[in-house]
């Protein structure tokens, strides 16, 4: 009787797409306006999806209040109102939303009360990214 | 040539999360404000997803008008403008949206014209639940 | 240089439309399914709009953090996860969203940092109500 | 380290559901108001989902600008502001959104930079269709 | 104690922007792709806003069920699943959403239970039109 | 026969709220997290509303294609994918959305084909700002 619970968290942050591996011309070519020197920003909408058994007594997969507390500390306090490029996890990785999805997946894979299925991030109303990979392999990657 | 058709139905209902299996203090601890004695409510958005072959002549998986008629009788007439706790299906189960998803899955699994893939219920703009389980096993559960 | 600032707050509550002034048959006639004995509920989206001068130094009309603190105490703590009918303000008034708009207008008219222009409440994605009246006259009404 | 990228494209078009295989009465029975002689229309929201490896240097699955250029030529220039029934691909197929999904899948399966996972088309806010089939088999079908 | 009630109705229709007053080249110049010979279509979202006194007993401005019945007959049955250009009201007027707003305003100005304040029509998620004019003057215009 | 046309434009940008008029502690107190040294960002949704007569022949207030061309040059090319603080117009003004609304109003007041009624900017799904002031007075202000 496996069911899925998805919850959305919102934060606003800025970023600039740029890799030290390439020169300025190549960066401009690859990232276009997203490489503009002063950066830009987004209202990110993060949706995390967990799966689990529905407890026959409580009727819940797990307690959402626990997830909210976890998200406040691990996601919102760390990413909201920041420049992603200035964060440790993007010191050696470009702050694309692909990479952000992987990092957010790594974070919520550590939530103890249920199994993380996937992380979906809406960067704009027309762009979104999803990551459902093996979080264990990724620890240390970002 | 399997394709998927999803359709959304909307209804407003109230509920209170409370289980007779626990005392008031434990209920309050588990359900927080959702355990408030007088209940609260939501605009539930139910999305049902069916799969099937696209008919080479009609270009349709099945006739949406049939699904709408089924949903009117089986879902809207039964759940809209109700207190979920007062319904038979929640007599012995807590009216969480996890359990509501299972019950709605049971209902639409009975739609004869196509195969039900999953039921997704948005409880609030930030909370949603999905159930894709074996409906046959569940008959009698809720 | 008057500008307008609108902010949305969300809460879930239940209600039942019923007036003691009429008998059951008339209530049923007037309110239809909204008169169902056990009530139903909504995810209310309250949008409050204030006007004011843009401060030439801060570039702000007023501090949103103050409004959020005010809304937490005066709106969310009072209405979220409740049955509206059980609240004092609806002891002698039907808990329609028209009346809820008037009450929410009365509340935010008391916000000291800016002038309240109007209150808009979305009851469902297709239904909304707005009140922009004289809050002073209304004190005591609801 | 497979990740998913989804992007939305919007276009407005008209269509009429009608098959030459059946007489008028049967068409009316099958398609209802969608068979009205002069047709009707929609704001279609097409979401294409691709999967791929996140490039360890660029942090991207592929370059969205390439996809946008491909979509402009292959999707928007061809479908936007048209009557679907007048297009070659619907000369022998009914212009249902099921069939449109299959055709759009065929189109984006030709995008060279990443693997197309699925095509999702929202016909109205309550109706959507998805196709994830084998595009190779379908070439020539529509 | 004047309050406002807004309600949304949805319908899908097709149209083609073209005026007999000009030749084809000029039509193409004025209307661009909206002049394509076979037309295109939209999911129109009509929002009508009424004002009135909140009844001190019922707590309502008027009965929404009456408005829904009126809208079904006067709006939905007439416009849904049609080609706007084929309707009488657009026999001598171009089926722009400006003109549609005026016609819908004329229709709802005839609703007897409350005062129509304005009609707002969303043609696409980025385009909308509003009309709040004197409906009496307009009778006969469209 | 005055009607209103509203059109939405979207862009992503970053900003940091900080005024040189105050010291760091006061800035932190006034702007909270929006004063974080590296800034953050948003997906801004700008809605501009124009009024005018509906042309009896074309059925249009004015040509949307003209407005789109104007917006591309004057709004999108200037603001999209930028850090607002690095723009000339915010050299001496804090990049609040109040001030952004005033600047965007100044820009669109220069659109020659219709009368600008107001500018509405959604900063996040819960925050929005509107400016309808006298644009002439403001020229030179920002």
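Each chain carries a letter (A, B, C, D, E and F) given by its place in the written order, and its residues are counted from 1.
Simple rule for what comes next: a residue touches a chain if its C-beta (ideal position, glycine included) is under 8 Å from a C-beta of that chain, and two chains touch if they have at least 3 such contacts.
This is a predicted model, so every value here is computed, not measured.
Common neighbours of subunit B and subunit D, listed by label, are A.
In this entry, A-D is the pair from A-D, A-F or B-C that repeats the interface of B-D, since more than half of their contact pairs coincide by residue number. For the pair subunit D and subunit F, the distance between mean C-alpha positions equals 35 Å. Between subunit C and subunit E the centroid-to-centroid distance comes to 29 Å (mean Cα coordinates, whole Å).
With touch defined as above, residues shared between interfaces to two or more other chains in subunit F number as follows: 125. A list of each chain pair in contact follows: A-B, A-D, A-F, B-C, B-D, C-E, C-F, D-E, E-F.
Taken in their complex, subunit D has these residues touching subunit E: 10, 12-15, 33-34, 36, 38-43, 80-83, 85-86, 124-125. The touching residues of subunit E, when paired with subunit F in their complex, are 17, 19, 21-22, 30, 32, 93-96, 98-99, 101-102, 125-133, 137-138, 141.
The touching residues of subunit B, counted against subunit D in their complex, run 1-9, 54, 57-61, 63-65.
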